[in-house]
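Please go over the structures that come below.
In the two assemblies presented below, chain A is common to both, partnered first by chain B and then by chain C.
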Partner chain A sequence: MSIHRLPIRSGELIDRSTNLSFTWNGRTFSGHEGDTIASALAAAGVEVFSRGMKYHRRRGILTANHWDPNLAVQVGDEPNVRAGSRRLVDGMEVTAQNVWPSLRWDLGTANRLVGRFLSAGFYYKTFMRPQFLWHNLYQRVLRKFAPGGRVHWKTGVHGEYDKRYAHPDVLVAGGGPAGMAAALSAAEAGASVMLVEQEPELGGHLRWGGPGDLAVLADLSRAVHSNPGIEVLCDSIVTGRYDHNWVAVVQRSHPVAPERLIKARVGSLIVAPGLVERPYVFAGNDLPGVMLAGAVRRLVNLWAVKPGSRAVVLSANSEGDAAVADLESAGVEVVAVLDARAGEDVVGARGRGRVSSVQTGDGRTLRADLLVTATGWTAPTSLLNMAGDRPLYDRTAARYFPQSLPDNVLATGGIAGDGSTTELTAHGRETGSLAAQRALRLRHARRTQTPRSLPPESDPPDEIADNRIPLRRSPHPERYRSTTHGLVDFSEDVSSKDLIQAAGEGFDSIELMKRYTTVTMGPGQGKLETVNAAAVLAESRAVEMADIGTTVWRPPFSPVSLGALAGRIFEPVRRSALQGWHEANGATNLLAGQWVRPDHYGSPMTEASNVRENVGIIDVTPLGKLDLRGPDVANLLDLVYVNRWQKLEVGRVRYGAMVAEDGVVSDDGVTGRLADNHYLMTTTSSGAGAVWEMLEDWLQTYRPDWEVHVTPVTGGLTSINVAGPRSRELLGRLVEDLDLSADAFPYFSVRKGIVSGVEDCIIWRIGFTGELSYEVHVPSGHALHVWESLLANGSDLGVAPFGVEAQRVLRLEKGHYIVGQDTDGLSKAPTAGLGGLVKLDKADTIGLPELRAAFERTDLPVLVGLQPDEPTVVPDEACQIVAAEGNEILGRVTSSRMSPTLKRSICLAQVDPSLAPAGTSVTIQLVDGRRVSATVQEHHAHVDPEGVRQRV
Partner chain B sequence: MYDLEFLSPVSSGPLSTPDGGLSLEDASASTKVLVRAARNTAAGAHLKVTYGRSRHRRDGTLICGSRPGEWTLLADPGRGAELVASLPDEGFVSVVDITHGRAMFRLSGADSIGVLAKVCNIDLADDMTPDGAVFSGSVAKVTCDLVRDDRDAGRSYLISCERSFGGYLFAAMADACAEFGINVPAGLSVH
Partner chain C sequence: MIVVPCPNCGPRNSSDLRNAGEVVPRPDPQTASLHEWRSYLYLRENPAGWVTETWYCRSGCRRYFTIERNTATNEIRDPGNS
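After this line comes the complex of A and B, so read on.
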C-alpha cells in the first residue's frame, strides 16, 4: 500500500513498528503512528483529497500542514478536520467533503459550465429574480453546494468538551526555536510559562531541517519538557488575544476531552508563530502536484513520503533551495530549478488530475508531475493585530512586520525578523527574559493589591528596557503573481482575475475587496492568501504594496469548533430542602428561573379545591428572603417601598411594593418586624437577587451613613405555606407556646416560635391564596421534619400538598397580581392598582417624581378582574383585548385560569382606562382568531373580595 | 427541642480517588456564623482577621475575613449559639447564624488546584492564593465563598454557596474531579 514511502529518514516522526488501519472514502488503508491523515494517504499514492469550493476542481496537498486549504476532511462525525496536521488513529473513518456522489466523480464539476457567472461577488448579482424562487429553489440548491463537512447532530457521538482557566505569567504562542528559547528563559527568570504549539510536537521548522537543526531541536525540547515551570501544550492553538491579555487556547491534546478551551489570563504574551509559506499565483496553481517547498520538505523529512517523480522547482529563497536537496535525497528527479531571484518564472501548470507539464517564463514546457514553489512568507500577525498592532509592509523583505505593540505583548522568531537558528533562539531568550520581567512586576503589583495573597517578601523586579537586538530583515524578491492568472484563495476559489475585476468594479480597498470577493475569509483566515491578495490589488491599482494596507485579523486565529466554544456547560439549578420529597411523592416539576419546583402532584384543581375546603401545604422556599438588621431599617424600607414603614410595630407584617426610578413596578412582598432593629423582608422569587443588590447599592452609595445590614437568607429558611380553613387547627397541633387565635395572632402578624420541635421558626399570618393561612419559615436543615410532621398530624384534617399551579389558580381567584406577569416593563403603580398604597407625600422614595407624574395621568392601562361571558372559555394569557369593531388593541389578558371554586373561567387583564369601569364589556381575540366577549369585574378578586375567609 | 438530624443539601457521601490523594466531601452541617461589624467595634477587634485572610482559633473555629467589615466563623456542627454568644455586641454589629443557609464542601489533595481550575477563574497559585486565603468567585457559575485551608500539609479548600445550589454544585465539583480519578456515582450528574 505504501508505494511512496521512503526508506528511514533521520528526523521522521513515524513509528514504523506500528500499523494503523483506517478507511478513506470506504477503502481501507494503513499508516504508522506519527503519520498525519494526509501523509498516510500520500504514502499510499493518494493524490486527490478534496474538490474546490466553487468549480470543484481536484485538489491535492499544497502545504502539508495545519493550514493546507485542500486537506479538510470528514473524520467520522467530525467535519473540517485538518488532514495535514491531524495524526492518524487506528480505525479512523475518513471521507472527502463537499463532493457528490464521490470524490472521483463529482457532479459539482458542472459548475465549471457556468463558471463565468460565478465570478467575484456573483451572489450579490444573481438569485435576485424572480423573488419567489429564493425560498423554493435557490436556497435549497445553494445549500447543497455549501462547503464543509456534515454534523450528524442527531446521531453523532463525541466526548464531552471541556474548559479550564489558567494564569501563567508568560504564554508563548508557538513552539519553534524562538518560542522554545523564550519559554526557557522566562521560566529561568522565575515566571510560570505556558508554551502552546499547534503541531503535535515542538520544533517548528527545525523538525524538517538537517542534522544540525535536529540536534538543536532535541536540546531545546529536552530542556523545555524537563523544566517544571513550563506547561507544554502541543496540538493546541492560541485562537485569540483579548483585552487585558485574556488569551484563548484550544487544546486538542487532552486525554479526557476531544477539545478543551483554556481561558488564560496572561501577564505577558509572546507571539512566536513563525512564518507561513505563501503560494505563487499562476495558471494551474491549484492542480494536484503543485506544492510549496515547505510541504515537500515536511513530506520527505517528517513522514518519509516521496511527493513525486519528476520535479520542477521555482525558488526565491533558501527554503526552495533546501527543497531541491531534499527531493534529490528522496530519489526525485529534479528536472529544473528556476531561480526566481534571477527573474526566472513559471507561467503555468497543466495536467489532467495531476500536473504533467510545467510552462516556464522563458517559453519552455517541462514534463513533470511535481511543481514546487518557494516564493516567500506571510507573517501571521493575527495575535498582534488583536493587540492593536497594524503591521507594516517592508518591500525589501517582501512581507509585513510588527509596528507597535503594548508592553504585555512581544514578538519573536520569524514574525519579528530573519536569522540563523542561533540568532532566532538568542532573540527568543531575550524576549522571554523581558516578558518574564514585565509579568513578574505585574504579579508583584497584583500580590500587593490582592487582600487574599501574602505581601511579597521582596521588592518588585527592576524595570528593564527593551534592549533586544532586532532580528535582521533579509532581502527577498517580491514574487506574488506570474504573468498569468491563478488562484489566490484556495478555500474560497477566488482567483487573481476575480480580484482585479472587483477592483475594477470599485471595490478597490482591501477591506471592501475582502468582503466582496470573500478572499481571505475561508478557514485559513488569510494565512496563505492575504499578502497575495494585497499584491494583486496593488498591481491592479498600480500602487505600492505598503499603500494598500492590510485587512484586520480578528479572532479566531484558526477555526474553532463549536464544541470547544461551548466547553463544559454549567446550568446551575436550585432545589429547596423539600425537593427530594416532592419528587419522591409524584410531583411533576417546573423550572422557575433556576429553581426546580413542584408544579403539581397529579391534579392541580383537586389540590386547589382542597385548600378551599380543608388545608393544603406548599413549599414556597424560592420566595426571596432578606434579613435586615440595624436602627435604620425603617428608613431603608421607606426609601425602597412606595408605602410608609416608620410605624410598623414589632410582631406586625406589612405588604410593600417597589418601583424603579422610572416609576415602573419592580417587585413586591411583605416585610415583618421581628424585633426593634430586626426585620425579615420577602421578595418575589425571581426578584430576590436584584432586590438584594438594589438595597446594597442604595446603602453603599446613597446612604452609607445608615446602619443597616442586609443578609440574604432565602435558602436558609425553607418556607411552607399552610393554607385553608383548617390551617389554624393543623398548625396548632405542632407549635409550642404560641397562641394562634385570631385575637392573639391576627392577620398580618408575625411570631417566632417552635414548630414540631424545631426552634427559630418564623411564622407569619398572611394569605396569598385568599384563605386563612400561615407562612412558616423553618431552618432548612430541619425543614423536611416539619413538612412531614404537618402531613402526619393533619391527615384527619384532609391535609395535602399543593403545587405551584394550584397556587396560581388560588391567587387568581383572590385577584392577587404577580409582578412581571400581570405587570410588565411599562406598568407604573397606578396600573397595578396601587393607588391606595402609594404615599406621594413621603420625603423620599425611589421613583417618587415619576410616581407623582404617573398619578396625574389618566391614560395609563388599568389592571382589572375579567370574566369571559362564556364561562367555559379560558383565553390564553397574552390574548389581546381589541375594539369590538376593528383591530385596535385596547389591552391584554395577563392571567387566566378555570376557577375550581366558581366553576368558570377567570382572568386578570390590563385594559385601556376607558374599559376599566366595572360592567364594561370587552372583546378578547383568541389565539385561533375567534373573538369572545368578557365583562370587567368590580374587584380584582373573583372569590371573597371582602377578605372574610382569610381574616377569620 | 428534639435531637434533629441536620439535613444536608448534598445526598452523596465523601468521594475520593483510590489512593485518597484527592477527595471531595460535604461539610454543610458545619456551623457557619456571619458577623458584620464596623472595623472600630469590639467585635471587629475581637476577630483579628483582615479581609481576604483567615486564622484558626484555639477552640477550632476558623475565622474568615469574607469581605470588608464582614467575617464568617466556621466550626464543628452544633456550635452556632455558642459562637453567636461569644461575640461582643457593642456598637453596630450583626451576627447571623447562616448554618442552614449555606452548603459547604471540602476539596483536598494536590490535584484540587486542577479541579478548581476547571470551574473557577481565580488565580490559585501559591503566591496569589496561599494557605489561609479567603476569596469569593464563580464556581461552576455559582457565586461561592472559598477558603484555602490546608490540611496535613496538603492543599485543601472549603467551598460554600447558597444552600439551594448545594446539590448542583457538589455534582459539578464531582464532575470536575472525574478527570483526576474520582469515580462519580451514578445519579450524581450535572448533565
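After this line comes the complex of A and C, so read on.
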C-alpha cells in the first residue's frame, strides 16, 4: 500500500521493521514507527488532507512539519493535531477537519462561487445587520463552516495534565546545531541547562542534510544526551517569554501526563529556533502538489516518501538547489529548475485536485505534478519580540534580524545570521558561554540576596563582554509575490488581493490590516505569512519593506491546549483529625473553602432535633483559631474588633465583630482570655487566613511597637462542640478536676482542663446552636480519642454526631447571622444589627470614620427575622423581597430553612428600613414567580429569643 | 509572574507573595474627614513608572515589606537604596 515509499535513505527516521495500523476517515492504513501521520498517509498516496477555511479548496502537504497550515487533523477526540509533526501511534483514528459532509465531497466548496463576498472584512460588513439575525441564523450557519476540530464536552480520555516549576540557569529554545552547541558550552561552563526542541528528536535542519550534516548531528546529539548538566526536552515547545525571564514550556514527551506546562525561571534564555521557510505568492499556490523545498527534503530524507513524479523547482537559494538533488536521488523527474536569482519566475499552477501544469514567467506551460518553491525565510523572532525587541528588515538578506535584546536573552543560529554548520555551531558555543556566565553571576547574586540561604561557594564569574563574532548575512533575492495573486495566509484563506483591497479601504498599517483581514492570525501565528503580508502591503503602498514594520508577536509561540494551561491544581485539601471517622460513619461531605467536612450523617433534621432534646457533638475544627500572646493583645483586639476588650477578665470569653476600613462587616467570632497575656481568638472558617494576615499587617506595618505574637492553631486544635440540654452531664463524665456547674463555669467563660485523660484542652461555654453547649478544643493528636469517648460515654444520654446542615438549622432557629451569608460586601455594621456592640468612642478602631458615618444613616438595609405566613413554604435563599405592587426590590432572603423545632419555615432577611419594624408584612417573590407574604419578627431568634436554654 | 525580592526569603515568584498595593498613609481616624478617609480607601496614584508598594510573603516568612517597582518595566529597587 505504501506506493510512494522509497528505498532506504541514510538519515531516515522510520523503523521499517515495525508496522503501525491506523485509520484515516474510516479507511485502514499502515505506517512505521518514526512516521508522522502525514508522512504515513503521503507514502500511501493520500494527497488531500484538509479543506481551506473559507473556500474549502483541497489542501495537501505544504511544509511537512509542525507549521504546516494544511495538516490540522482530528485524532480520536483530540482536535487540531498537527499531522506534520505528530508521530504515528498504532491504532490512531485520524479524520479530516473543517469538511462537511466529507473531505471528498465538501458542500463548503460552494463558497467559491460567492468568493467575492468572502473577501476582507466580509464578516464585519455582512453580519452587522439586522442584529437579531446574529443569534438566530448567522451564528448557527457559520458554526457549521467554522474551522477546527471537535471536542466532546465529556472528553476525559487525555488523562491528567501536569505542571512543573523549573529553575535552569540557561534555557535553550531550539535543538538545531547552534542550540545544541550553545547547550553544551553553557553546561561546560557550569550552568544547569534545559534544552527544548519542538520536534521529537534533536538536529534541526541537519536531520535532512547530507552525510556530513548527519555526522555532525550524531556527534552533537551524543554529547548533549550524555552531558549530565543538560536536561533535554524533545516534542516540547517554548511558548512564551515573560517578565524577569519567566519562560513557559509545554512538554509533550512526558511519560505520564499527556502534556505538562513547565514554568521555568531562567537565568539566560537562548533563542535558537532556526528559520521557517516561507511560501511564494502566485495563482494556484494552494493546490496540492505545491510544496516548499523544505517539505520535499523532509519527505524524501526523513520519511523516504516520494513527493511526486514530475517536478518543477523555483529556487532562490541553496535549499532549493539541495531539493533538486534530493528529488533526483528519489527518482523524481525534474522537468525544469527556474532560478529565481536570475529572474526566472512561476506565475501559476493549475490542476483539478492536484497540480497538473505550471506556468512560468517566460510564458511556458510545463506538465508537472509537483511544484517546489524555495523563495526565502522567515526568522521566527516571537520570543525576542516578547522580550521587547522589534526586529529590523534587512533588504540584502530579505528577512528580519534582531535589533536589541536585554542581557538575559540571547539569539543564535539562523535567527541571528547565516553560516556553515561549523560557523553556526561556533556562534552557538560562544553564545552558550556568554549566557552561562551571565546566568551564573545572577545565581550568585540571588544567593547573596537571600539571607536564609547558604553563602555562595565561590566568587561570581567575571563579567565578560559580548565579543561574539556576528554571523554574516548572506544576500538573498527579495521574492515574495509573483505577477499573479495567490494565498498569503493558508490557514485563514487570505489572499494578496484581500490585503490590497484592505489597504485600499484604509487599513494600510500592518497592525490594522492584520486585524481586518485576519492575516497571520491562524494557528501558525504568522510563521509562514508575516513577511509576505508585509511585502504585499509595501507593494500596494509603494514603500520599502523596512517602513512597513511588523506585527507584534505575542505569546503563545505555538497553540497551547487548554488542558496544559489548566494543568494540575495545587490547592490543598484540608481535613480535620476526625474526618476519617466521619467518613467511616456514613457522613456525606461538603466542601467549605479548602475544608472537607460532614454536611450530615443521614438525616440533618433528626440530628438537629437530637441537639434540642438530648445532646449532639459536631466537629467544628475549620473554625479559625489564633493563639495571641503578649502584653498588647488587648490593644490589638480593641483595634480590630468594633467592641471593647480592655476589661475582659481571665477565664472569660466575649463575642467580637470585625469590620474592614470601609466599615463593611468582615468577620466575627469569640475570643477568650486564657491568662494575663494569653488569648485564643476564633474566626469564621472561611476568614481564618485573611484575619491572620490582617493581624500581621497591623502588627508589622502600623503598630510595630506592640508586643503581640500571633500563632495560627486552626489545625493544631481539633474543635468539638458538645451541645444540648444533656451536654453538661455528658462532659461531666469525662473531665477531671473541673466543676461544670452554672455557678463555677458560667455562660461565656473559658476553662482549661483534662478531658478523657487528655491534658491542655480548652473548653469554652458558648451557644451558637442556642443550647447549653461547650466547645472543646483538643490537641489534634488526641482528638479521635476524645470524640470516641464522648460517644461511648453518652449512649444513655442519646448522644449523636451532627453535621454542618443541622448546625445551620439550629443557628437559624436561634437567629445567629453568618458573615458572608446574611451579610454581603456592602453590609455595614448597622445592617448586621451590631448597634449595641460598636463603640465609637475608642481612640482607634478599624474603619472608625465609616462606622461613625454608617450610624448616622437611616437608609441602610436591616437584617430581620422573617416567617412566611404559609408555614410550609420555604423560600429559596436569595429570593427577592419586593413591593406588594410592582417590581421594586426591597430586600432579599439571606437564610431559610424548615425549623424542626417550630415545624414551620423560618428566615433571616435583609430588608429596606421601612419594612424593618416587627409585624410588617412583606412580599417574597419565589423562584417559580409566585409571590407569598411573610411577617417580620421582633427578634432575629425564632426559638428562645430570651436565651434561657443556653444559660442554664 | 515577576520576581519579587523578599528581605528574608530572597527573590521569589510573585505567586508566592501577595501584592498589598501602593503604600498610602492612613489618616488619623479621629480627625480625618470622610472625604480624606475615602481618598485613603479608594484613590491611588497608579503611575506608569515608579511606585512604592507593600508585598506580603504569603507562602514564605509572612513578612510585610515595601519595595519600589517600575510599573512600566517591572524593574524593582529597595526603597532604602534609592
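Here is the rule we use: the second predicted complex is superposed on the first by the 935 of 952 C-alpha atoms of A that agree within 3 Å, B and C clash if a C-alpha of one lies under 4 Å from a C-alpha of the other, contacts with A are read in each partner's own complex, and residues count from 1 in each chain.
What we mean here is this: a residue touches a chain if its C-beta (ideal position, glycine included) is under 8 Å from a C-beta of that chain, and two chains touch if they have at least 3 such contacts.
This structure is a prediction, so every number in the text was calculated from the model and none was measured.
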If we overlay the two complexes on their shared chain A, which of chain B and chain C does A:Arg446 touch? Say first, second, both or neither. both
Of chain B and chain C, the partner touching more residues of chain A is B
Per the contact definition in the header, classify A:Ala843: touching chain B only (first), chain C only (second), both, or neither. second
| said: Once chain A of both complexes is superposed, is A:Arg367 in touch with chain B (first), chain C (second), both, or neither? | reply: neither
Q. What is the contact status of A:Thr621 with respect to chain B (first) and chain C (second): first, second, both, or neither?
A. first
Inquiry  = Once chain A of both complexes is superposed, is A:Asp697 in touch with chain B (first), chain C (second), both, or neither?
reply    = second
- So, does A:Asp662 touch the first partner chain B, the second partner chain C, both, or neither? second
Exercise for review: Using the superposition on chain A described above, determine whether A:Arg265 touches chain B (first), chain C (second), both, or neither.
Suggested key: both
For A:Tyr242, using the defined touch cut-off, is the partner it touches chain B, chain C, both, or neither? Pick first, second, both or neither.
second
| query | When the two structures are overlaid on chain A, which partner does A:Gly580 contact: first (chain B), second (chain C), both, or neither? | reply | first
Interface residues of chain A shared by chain B and chain C, listed 165, 263, 265, 446-447, 450-453
As the complex stands, chain A meets chain C at residues 165, 242-244, 246, 263, 265, 446-447, 449-453, 661-662, 693, 696-697, 700-702, 843-845, 848-850, 853
Touching chain B in the complex, chain A uses residues 160, 162-167, 192, 256, 263, 265, 443, 446-447, 450-454, 456, 568-577, 580, 595, 621, 627, 629-631, 707, 709, 711-717, 754, 757-759, 779-785
So, in the complex, the side of chain C touching chain A is made of residues 1-3, 5, 7-11, 13, 18, 20, 26, 29-30, 32, 34, 37, 40-41, 54, 56, 58, 62-64, 74
Within their complex, chain B touches chain A through residues 1-2, 4, 6-9, 11, 29, 34, 36, 50-53, 65, 92, 94, 96, 98-102, 114, 117-125, 127-130, 133-135, 140-142, 162-165, 167-169, 172, 175, 178-179, 190-191
